[in-house]
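Following are the structures in question.
What follows is chain A paired twice: with chain B in the first complex and chain C in the second.
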Partner chain A sequence: MSTEEQSLTGEQMNSLEKVKKQLKQVFGETTDLAVEPVDVGQYKGLMCYLTTMTNSAFIMEHVVKKLAMSEHKEPISKEETFQQLEISAYSGLSHQTLQNIDDVMFKIVLGNAAIFIEGCAQVLVLDVRTLNSRSIEEPSTQNVVRGPKEGFTESADTNMSLIRRRFNNVKLRFEKYELGYLTHTAVYMAYLDGEVDEEILKQVRETLSSSHIDSLFDSGRIEEMFHSKGKGIQLFPTVYSSERPDAVCSCMINKRIAIIVDGSPFVLIVPTIFPDFFQSPEDEYQWVVIGVFSRWLRYFAFVLSLIVPALYIAVTSYHQELIPSVLLTSIAAQREGIPFPASIEILLMEITFEILREAGTRMPRLVGPTISIVGALVLGEATVQAGVVSNINVIVVSLTAISGFVAPIYTFGSKVRFFRFGLILLSSLIGLYGLVLGCCLLMVQLTRIESFGVPYMSLFSRWDKRRVT
Partner chain B sequence: MTPSKVNPVDTFTLQLVFLLSTSIIFGTPSVVPDSWLVGLVAFFPACLFIVLYSAMLSSQHDLGLYPMLEKAWGKIAGKMFVLLYAIYFLYIAARNIRDMIELVMSALLRITPVPILTSLFIMLIAYTALGGIKAIARFASLILCIVLLMLVTLAVFLMFSSSIILEQMLPFLSKGMWPVIQSAFTHSLWFPYGEIIVFLVFQPELGGAKGFRKITLYAFISACIILTISDLLQIWSLGIESKKYSVFALLDAARLINIANIITRMDAVVALIIIFGTLLKCSVFLFACTEGIARIFKVKTGKLTFPLALVAGAFSILVTRNSAEHVTEGLKYVIYTMHIPLQLLVPLLTLILLRIRYRKGAAT
Partner chain C sequence: MKTCRVFLVLILCTAVVLGGTGCWDQTELNKASMVTGMALEPGDNMKYKVTFEIVNALETDPNKGGKGGTPTVIFSKEGNSIAEATQRINENLERMILISHFRVIIIDERLARKGINQFMDVLQRNRYVREDVIVLVGKGAPASDFLKTVYARGLYAGYKIQTQVETYRKVYGGVPRSHLFDIAQALLTEGRGLLLGAITISGDVEKSESLDAIKTISPAAVVKMAGAAVFRGDKLIGYLSNEHTRMVMLAGDYVNNTLFAIPGPGGKQTSPGGIDVQFYHMHAHMHVKMNGDKPKIVVNIQGDGKITSIDRNMKLTTIKGYETIEQMTSNYVNEQMQETVSYVQKKFGLDVFGFGQHYYRYHFRKFKPIAKEWNSLFTRADVEVKSNFTLRRPDLKTQKVEKEQIGP
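Then we have the complex of A and B:
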């Protein structure tokens, strides 16, 4: 009986040797685990942390110096020592007292330092995480001429502070979730309490907490998760992502929820509606007329990038009567001697452009000029001179290409670009009728989608009296 | 950002586009000289439809058309009427598809086989109808903007190509008021205004009797104004005589546009208006039809949409042999055998039955 009791208390009282053994069992031979014997007051102790999650100067400065507790000359008990540590020595650091060894291990992985005291059941866990991260820089997408130049970084803490310092408001809430059963990536949901619709909040929470993914390295994964939650096929992106804190904050003012993923500089916004993708944060910082003008210009360019090649094919190969005669003659003269029909000609050049674009985004920066020379001179100039494609074709394709990049959000442009091929196919099969049907399909799809129950595109919603926004 | 409800403005645009869509080109029969007056005259009796239908709705606490019929006529007869209405809606959808295909055949594609055109179109209709009435309403607001924009463009271009001659509308009332009134009562009243009965099916979702009364009145007024303006445009540019003999008068008017030899052929624009409008109208009818059929045979609505769309498409090809027969059938037989009984008589009888069977105070 007594021996049993002793062994039981022995288990609870973490003897340092046992702790060492357990650590070795769990962490194996990993080189970045530091297990160092320290003196805690008058007792022996053990401090362990991952060297890769903190830096030694921080540990020296804030942890080790205070451990000795030199001010206590008279002997005190272990429990008292522990309390002293907790209350006075580390009151400035975020700390926790844990009993379960598994919890402690997990905390160590997250970048905490654990301090064991010989024979004491409790373990003090200190947050000593100091990670090197990119400093705040200007965002690489979504550039503005006028407006704040800060962009989000890969560190979620930095990102949250970027948001918090724009809202000096007690209602701003951050909720933490852990996603990925292999990576335990921290995901934060930020919203203004009382502003956001409860129903939407519930749905987002449910999605985040019921995910079964193994790893999470970028917010793109969560974007897909939210996107696939909607019913039916969704051709348009329903989640907005931004690298700009001011854009995210202005969305949050409008009753949206921001989702910050540790390790990704792109913060997601839900729910998203269609006009969001045509809004640049800069629009709000300028004279209102310029803002409105550029927004409409973006819509126009979007329509242009979708239908121009298809329209060209439909009109030149089916409905020549719709072209003014002078233009028709000029097109016909240019197409003289071109071996391909208009649809093949367009497809050829569109695919060439897609290849150029793909090469341009993926290649190392140093070889950049090569691609532009080959693209501009060889493919543009030479194909026309060689009589493979006509001049007007090059105009059509380049106009489409430029308008395709006008949308301030790159992901939107890249998704929408594919619809162009569908329209080209339809219009080369049945002319203008096919083009109109294709456009109708896109419009129906646009109005059918709902993002967390909010209609994706609703022209007159601003005149709805019941709307709270 | 709040989850969606049906917006009253969207309901309004839905009804407006529904009223405009095909009637903007086929609407007013050109057999009488002052056809633009027909639309105006027909508006006033058309308001009686609003009174009748909203009385039906308010007497039954905003029940939809189908449950209302079953309640008034009993289980079996009620089901028969539901089936009748479902088939009626499908038939109108088929006729509208045919109208649109006729136009596309004459304006855009002359030699493409009709089944190809139709089958592509019905797939689109089915897809639209699958979205439900909320999505259709939002789609309608998009369509309304495009259609109105195109109509204004047409008017402005006609003006700039100096095709609008106001004298063309003379002689005014050369045969007196009677032919106008007669035509209003035999044609325009039933189509497009009477077809609004299809909205009784969705009215519980769209705001009930109260919403119906107000929104539909606004929709009727706007539709009346727009149709009259479009008729006037056609008469001013084509003249009374050529409008009389033209099948697609708006299309012929658009052909007159010529601005500096650059903007010449605008008929494609008219074809676009028609395709958009017909798509919307047919999907409303198809959706109403699937609701009815699903109610009778107790199937899921989504499962029926594509098969019924196929039926509508096949029907649109088989219903008449040629364009002339199609137009005559539409102007004469359909009105007397289908529109008048199903838009006026059956609803009226239903209302009376409901009033008798469920008196005020009795449990409904």
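Then we have the complex of A and C:
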């Protein structure tokens, strides 16, 4: 790429043959590059574009037809022809005039068509990008019963339009960044001008523009980038992601910044605080009492999913005096003849559940029912029947598992699952004392996390501007 | 410096862990057995014989139903102290015992007559024995027999007895509140004798030990309430019947719900035409003062209630009918209370009502010089009972179903 043709500009770039040669040199033998000779007025021209980034019908309708109409009776100069083309023929199409051949090549990669005119220094670049993308569908995560059913798609343009449609407001801004030096993925930062804290905005801008990653295929990569910016160990997720435009918009109203990554249906929200992970957009669309109730139910389920197995182990193997007598008799009856201690038993079933869950997510849709048969019948029923694990154990594990899925954000639930194992270990070693110790450590962790300078537990204290650094 | 701090914190954590619970304290549920009842008797060769009712957990599972064995197993062990006998239970039993789930402690009559204070300490000191465990005196049978009565519901005897005592106290009030802490309270209080619940067995215990006993409609042996055991100091001196116990409890404001059967005209308990009234929300207050060298005691009793049955023709369409019944109830209760007080005065010469305790609490300076001789003063006391009952409703019928007479 470092040959002399690279730096050719202006007057030197007059021969179409030369351009052809250059294109071939840069793009090589790629089959999707179309280099078509065209007539521009009285002059010879060249049109090139990538067939994979547009469709021929669009080119035919909007580019070639206009080109044919641009013929003039009386001869005019190349520059005049060029201007004619730019102003009248393609005025409705987004276009640019470029001189540097490198820029032109890059534009072609992004899905533009370039029109060269024999002997003319300027190149007309037309935006003809028409990509096939998934249509807007109902999001697969964060489902609601009541509320909009639209979900983000993989196309950033669609996603931005979904947000813009909800904000008929001149203050909505989209800032574009390109991340990944191999993929040049478009990343957009969306915010409401004047609402967002300038400091946070600055930090996000810095992070986005100072990244050195080679590729970017999902917003998860950026999420990790933001997350690792925080001080010390951060066990809880500090970036919220959503597939729902209404959720993102309601966050943006609350002074947040949205990050849209081309190719990912998950839009990120920063800064994020702990209570965000317990909010479903639906809470706002229904009677306030139901909304508040279900939100508190989620907090309760979160606590359940964290401590129930650990509490069961601690209480049944260290502190039997804490269980009501009749319940203890019932538990004891079920534990009779079980070969493992309670802690091993719980770990066994928890790990089995994790395997089932992983298999359920990864396996092809068609064999999906197999998992439920094997999981529910074979493992659930048979292990109890065979006397390997007790009934109460199955109850504990399934209660925990179901509670773990209550958090509306899947990533949150999946992180929390790992703390459960820590608590199980602690409580099987040192009983209730260990459980309390573990919960204290989690509490310490929760209170010291910050997301872009905003304390994680801000709901329980005030949003303090002075703390935003 | 930082490493040093981390190490220090680690050492501190370890130290705290060593002091707290650890895996060395672990008791797996299927390597331990729950104890639901304990019976204390004088031993044949040693000082005490301790009997435990140990749950056979598998048989209590309502789903699996067990293998047709007994829900509990009884193990007895002798020892020169209760703690020793308890530790030696594992000579017969393969599992550790969990004593935190005691339901009842049954003390043998013979042991109670010698005094209970000599062995109460181990029960009060132990951190696993709950303060609200029920302590009863087994009347007329060895204490271990009470745990040997298999009950049709397949439940362990300890649980049955505990529930029975609580329920009986709730609906009739014929048994004193006798938790472990009540003993400590009564032994430490001035002017009140200790009352413990008493139970007895009717039927054949030997037959009842077998599971076949629960396959008959009428159980071979049944544990039943036998009123209260009266203690002078810590020694058993006698028993009060269920009816007397109820009156004693009523005076001390421990009865909330009970039923009075007022005999019909004729004076005898069996005379026809009786009236039953049930009372709830009962309250009693006592007033004690010294009249010279004779205590003057006033007991006020109040209660809301309803008419349960009237076996004679009484007009309830006017308020006067109710007032008549209220008056009759008052008279009946006053009479019963008087009778109970004079019975206790004559029979035991011991204040089990807690009049002395009341005097001690409200007039400490006056009580102090007479504290020693209070029980003998009590035997001479004048007791006046005032009761005020209110009937709230006659249930479904206003009047007894009876044909009205026509004509003159």
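Quick notes on this one:
Methods note: the second predicted complex is superposed on the first by the 443 of 469 C-alpha atoms of A that agree within 3 Å, B and C clash if a C-alpha of one lies under 4 Å from a C-alpha of the other, contacts with A are read in each partner's own complex, and residues count from 1 in each chain.
The definition used in the following text is that a contact is a pair of C-beta atoms (placed from the backbone, for glycine too) under 8 Å apart; a residue touches a chain by one contact, two chains touch by 3 or more.
Given the structure is predicted, the values throughout are model-derived calculations rather than measurements.
In the superposed three-chain model, the partner touching more residues of chain A is B, compared with the other of chain B and chain C. Of the two partner chains placed by the overlay, neither chain B nor chain C lies in contact with A:D283. Contacts of A:L441 after superposition: chain B is touched, whereas chain C is not reached.
After overlaying the two complexes on the shared chain, residue contacts for A:D246 are found with neither chain B nor chain C.
Of the two partner chains placed by superposition, A:D262 touches none, neither chain B nor chain C.
When the two structures are aligned on the shared chain, A:E321 is found in touch with chain B and with chain C. Looking at the shared chain after the overlay, A:P341 reaches chain C, while chain B stays out of its contact range.
Of the two partner chains placed by the overlay, chain B and chain C both lie in contact with A:G431. In the superposition on the C-alpha atoms of chain A, the part of chain A touched by chain B in one complex and by chain C in the other spans residues 318, 321, 325-326, 430-433.
In the complex of the two chains, the chain A residues touching chain B come out as 196-197, 199-200, 254-256, 271, 318-319, 321-322, 324-326, 430-434, 436-437, 440-441, 443-444, 446-448, 450, 452-455, 457-461, 463-469.
Taken together, the chain A residues at the contact with chain C in this complex read 316-318, 320-321, 325-326, 328-338, 341-342, 391, 428-433. Taken together, the chain B residues at the contact with chain A in this complex read 1-5, 7-10, 13, 104, 108-109, 112, 116-117, 120-121, 124, 127-128, 131, 134-135, 138-139, 141-143, 145, 261-265, 268, 271-272, 275-276, 279. Considering their complex, residues 17, 20-23, 25-30, 32, 34, 36, 55, 57-64, 98, 100-101, 103, 128, 130, 159 of chain C touch chain A.
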